[in-house]
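Look for subunit A in each of the two complexes below; its partner is subunit B in the first and subunit C in the second.
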Partner chain A sequence: MSLKLPRWSSLPAWSGVLLLEVLLFIFMAISQPEFVSAGNLSNIVRSAAIPIVLGIGMTYTILTAGIDLSVGSVLAFSGILLSGMIDHMPRYAAVVVTIALVTLIVGGINGTLIGRFGLNSFVVTLGSLGIFRGISYLVTNGTTQNIDAGPLIRALGDGNVGPVPGPLLVVIVLAAISIFVLRSTFFGRDVYAVGGNEFAAQLAGIYTGRVKMNVYVISAACAGLAGVMQVGRLDSAAPTAGAGLELAVVAGVLLGGTRLSGGVGSITGTVIGVLFLQTVSNSLTIQGVSSYWQQIVTGVLLGAAVLFDRIRLELSSRAPSRKDKE
Partner chain B sequence: MKASNKATKLSRRRVVGVAALAAVSLLLAGCSSSKSDSAAEVKGVVGFSYPIEANTYLKAIGLAAQAELKLAGYDFYPLDAQLDGNKQISDVEAMITKGVVAMIIYPLDSNGLKPALDKAAAAGIKVITMNYSVDDSTMAPPSPSLGQVQDAFPQRALAKERVAWLAKVLPSGGNVLYVGLGFPVAALEAHANMFKEEIGSVKNLKYVGRVDNKTDDSEGGRQAVDQALVKYKNLSAIVAYNDPTALGAFAAVRAAGLTDKIKVIGLQMQPEAVTSLQNGEISGSWDYNPVESGQSLAKLTISALSGEPEANYKKTIQTPATFYDQASVAGFVSWDDRLAKIGK
Partner chain C sequence: MALATMTARIEMRGISKQFDAVKALSNVDLTLYPGEVHTIAGENGSGKSTLLKILAGVIQPNEGLIRIDGTSHVLTSVRGAMGLGVTMVSQELSLVPNLGIAENVFLGHNQTRDFIGINWKDTEKRAAELLKRLNLTVNPKQLVSTIPQHQQQLVEIARALSFDTRVLLLDEPTSSLDPAEVKSLFNVIRQLRDDGVAVVLISHRMSEMLEISDRFTVLRDGKLIDTGVKGDVSEAWLIDRMVLNKPKKISDSTYSIENKRAVLEVKGLSDRLGAFNNISFNLHAGEIVGVAGLAGAGRTELVETIVGSRPRISGEVLIDGVVVKANSRSSINAGIALVPDDRRTKSTIHEMSVRENLLLAQHQLPFSFRSKSKEAKIVNAWCERFKIKAADIDTPIKSLSGGNQQKVVIARCLQTNPKVLVLDEATRGIDLGAKAEIYEILRGLAKEGLGILAVSSEISEIFEISDRVLVMHAGKLAADMGREEMTEANVVAAATGSNKKGDQ
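This part shows the complex of A and B:
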């Protein structure tokens, strides 16, 4: 007796969210035509860009069965660092030095403690969340720093490069690099292997500690870049920036089909998952739905997306698919 | 056996590493913690509960109260609720355990905190509050709060003033959008409603709607206004519930190329708003005078502790808000300067 499975069981994990995103677009285009205006589409892309950049870094860590809860705080720390350097060197140098320092300091601490000492990523990055938020408050005395970001930083966070929104360009480049790294390099395969079965990966000769260390360095670099983009978006650096953003980012990554248990997931899914959350928020505001209702609707849509993925998983467990990898 | 030794060595190194890290953190925290400045006789300890200490405005209230209390011979014991109602209840209990003689509380949720404050009052601790009740009355606040300070009150007067200013700068009228906070805070909701009512009384001004800042920061203001500009065409003014939101709103207006058409106004006169006003970005803001509020809180507390007549402290003191725009911002005295002048 042969079991005939629906064909969508072999679809990638993010297909449910993509379907909801398309349905939402169609509904909004009909009910609120201004939703599909160039201005609004640009708004969605610009506001989603920073969470997507954070989400790309987060995907690496979750793929190794870890998590980086410090990304929101590191975003703020990066902005504050940039605000301190911007008047002492050319803008491009300040950007490079900021991202390098954040990568070195935050990635170094998180990566060493998790990769080298084998500490729990949840606890370590929760600690970093507090440390870097605290440093940001301490350095600024809790006040937002007004900055003249200049054209380069503004282009990264808010401006245009030719006709293309700068933040969109950043996302495309970063996502393309990450897809290549995860799909076509030894390091990418090691990331999946460590998350899939760390013990087996060790037996296969993979330096699991080094892989883990590197993913937290990558996540810190992404958070550093996101901090620079945030400064470009608001012309200011606030110690409160990104507070609570880590949870929205994790939600987007998981919605995109990356499994919290590691080993399964994709950058494409992350981009779609985060974009979906941003589209929901945007469309509800344009519909004039109160922010209290927005929380309920967002929760229901999240549930629907996860339910769809669950059904897909149930079916694909009977006919395993390899499409969840980059 | 070798592997086991190696594992033990590694785990020892981990423990030593983590312990060293923890020790350094504690040492740093110890070095930075404040110490009593003088050996002079202390009359008692007064607790202070911040809703969140990492807020420039709230911090200024606390620092002003601390300075006044120090002059009167009281030690200051600040605790930070970090926007967590449960933590604030624990903080009140911690103050009772510490044996404070009085506590100044800025409640996150007056009703939720009442049982803990009742316990404090029953233990003989004087309870003074900030915005415990948010009506416009100057009567004493509800028990167990003996006295309270309300900032930017009377709210009705502030709402009228904001609308009057809009009517003045928009003589031919226009559409006004309100940006509120995405979660309920009684004082902010009261102000939003009064503002909406007051704007209805001006013929040319039209209240077109409200959007919410869901994250209580500039980015939240930016996103709310980005989306609102798609929905609401021909806006003339955006009125925000605080300055960080106004700064985010201004960033959205600038990105849309509408700075010459839309005026953005804020509230609280936080330090970043001062720079923005000077640069001609946001058009106006109202200083909530936190230093004056902090001093009033301390004076009520000292009065209650000194056994003065009840009329001196069983009351509500309302701190008015002061308006600033680009023309008047030069006359603004920073909160830091005002703090430095206490006792001089």
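This part shows the complex of A and C:
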């Protein structure tokens, strides 16, 4: 290894979280050997997969300086939609139709209101958070629907494909596609541009409204997929599923270095950020710490990460001259 | 006044300030005495505003010393400067429009409190007293957004007075006022002066400066040129020092519109928010047309509307005789592109690389792939052609100097193969070397047949590059003059609305 370390301000934003993740792993492996058992590791992966899928969709919206608070509710809505269709058609068709419907309905509503009519994403998705949770309760009368998920759906949410956990495959494929889309397509460039400077993007001829619409459609599709995975994991669809999950997902995305003000961030960061939160929660459970503490720890970590990012930026910005031109 | 025997309230010595590559001030001195009105004169970019901002604690100098009442101070914040009695009313109003007048006057300080919270009755009473001192009779409960702009300015001054202000800095306070309002503002200023306040003014209007000021300091290119007192100073004295040794270079191009087609036609364009009204003009292939006018004349709004990024209420824009739909993408496709006036907020995407910024106006189907090697070839070619100094094309644009950033933005526009290039304050915040390069680029483009429309607040810049000048005043086209009519006097007269000739 070369002795010359890169300047820490030039490292990607997620490197701090990655370091913490590694340290946590080492610490846990030493103090609680069961932590690194195959069973527990696959447990971490399985429990992280769904929030990571939501986080990937969320990253698109936050990159455009928006947010999608509806993902937790939409996850439940998707599961219930699936439970209603599963007996009427082949399972693979039910999966495809569910995800397509969720994408169309939720993405259509959020995307049109935010992208076409320019409404505030926080308000719009807070509305759909309530609406789709409410619909899920209404059609099930508040009861959990037991489903025989079958091998395909189970593989997506919980099972193995060969030696590899199915959810891990889903995450890898989805992350790979998203990394490619954001890095190497015109749409990806437009996403960063809209979040970085909407006026400049618009002036350069980017259809900023369409870009915004598309990111909410993508986020809805991810939430639809996550809902199917959740059914595979639990063999049931509950109207309470994913309640409050949106905040954990946002926390993970921000931990991964995506900036709430838009224009800066990455899928890699999101995967690491969400995974880290899951590892923390798993570690605390193994250490026998009350789950109430986990929420407190998440909050503290989020604050620390954002503070850390600010310090990093202050250090890397050249001279104070930037502030001067106000 | 026997100034020499008085104690100075403010002594600024050897002030220097560097912005990136631009030296805004070098070794400037300024002395202010109690009870004087002091004008700082100079052209755009001479460093006047920077000097005032340093005194107000908005920005910090790189070198220099500030003494207030004989004690030297380091002013690190606006609040700190206010605590020492120095308050600035800047050109852009900084009131909160959705709060009441009294609330604004005492915002964040000095409200009368009682055991419940703010005692509004007393706060309003005190605000009314301050406003009365400024001859402003309005209800202090009224929202700031409901009173006209010149009254808002007085509210700002009232706010300044609500601190124990002994030095009041006014940056172009008259730019949006009509003559009657200017008169009443000057009465207020005289009254403050008689109360022992040192008032510092920046103004572009000669007659106003001469009328109100006791002393003058002239800056040019960030340097102190001269100081003078009332009586010794005349309009000629000021102009002599402001533009000394710098005869206005008039474009030496031999361009003639004969036999040239009108590449851009603007017909009866009116802004939805009323910033300009019924503007019509033509621009020919290969022609450079400058757009002059005072701040607030509607120039930026006009050019942003021409390229479709701002809503219009009526009128149309034609490129080569074809009507262009009012949105940015259609404009780009039709062959007209804008270099906006403010890089930070309107043109560069700060966190993105030079490559991304330069190719921002290139579009294909959303999910089509980008060829990084083809892109690199294009970007490198522009960097070479425009001598853009960047470590490599994937460095963030924010690490470039202002001039290089601007060249990237110009390249972005040109990469769309425009027929018309519109530039708004193309050389704002750019050092002299890069400025000259940009002029050279523009002339070259015009020779290739591009029509160029260039908004600028610097008359010297307009004269240097333009074949023709449009002058805007209060949202209207006040004059359209060819090279033979182009004199500073004509342009200034049209921009201030004092000439009635040349109306279309």
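Definition applied: the second predicted complex is superposed on the first by the 298 of 326 C-alpha atoms of A that agree within 3 Å, B and C clash if a C-alpha of one lies under 4 Å from a C-alpha of the other, contacts with A are read in each partner's own complex, and residues count from 1 in each chain.
Going forward, a contact is a pair of C-beta atoms (placed from the backbone, for glycine too) under 8 Å apart; a residue touches a chain by one contact, two chains touch by 3 or more.
Since the model is a prediction, treat every value here as computed from it, not as a measurement.
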Partner chain(s) touched by A:Asn214 [first = subunit B, second = subunit C, both, neither]: second
Subunit B versus subunit C as contact partner of A:Ser281, first or second or both or neither: first
Which of subunit B and subunit C A:Gly263 touches, first, second, both or neither: second
Subunit B versus subunit C as contact partner of A:Phe187, first or second or both or neither: second
First, second, both or neither for A:Phe199, with subunit B first and subunit C second: second
Of subunit B and subunit C, the chain that contacts the larger number of subunit A residues: B
First (subunit B), second (subunit C), both or neither touched by A:Ala238: first
For the subunit B and subunit A complex, residues of the former touching the latter: 10, 13-14, 17-18, 53-56, 59, 182-183, 209, 211-212, 214-219, 222-224, 226-231, 244, 247-248, 251, 255-256, 270-272, 275-276, 279
Touching residues on subunit C, where the partner in the complex is subunit A: 18-20, 58-60, 307, 309, 328-329, 331-333, 338, 340, 344-352, 356, 360-361, 363-370, 372, 399, 412, 416, 429
Residue numbers on subunit A that touch subunit B, as the complex places them: 32, 34-35, 37, 39-40, 43, 46-47, 117-119, 137, 141-146, 158, 230, 233-236, 238-244, 281-282, 285-286, 288, 290-291, 294
List of subunit A residues in touch with subunit C within their complex: 181, 184-187, 189-190, 192-193, 196-197, 199-207, 210, 214, 263-264, 318, 320-321, 324-326
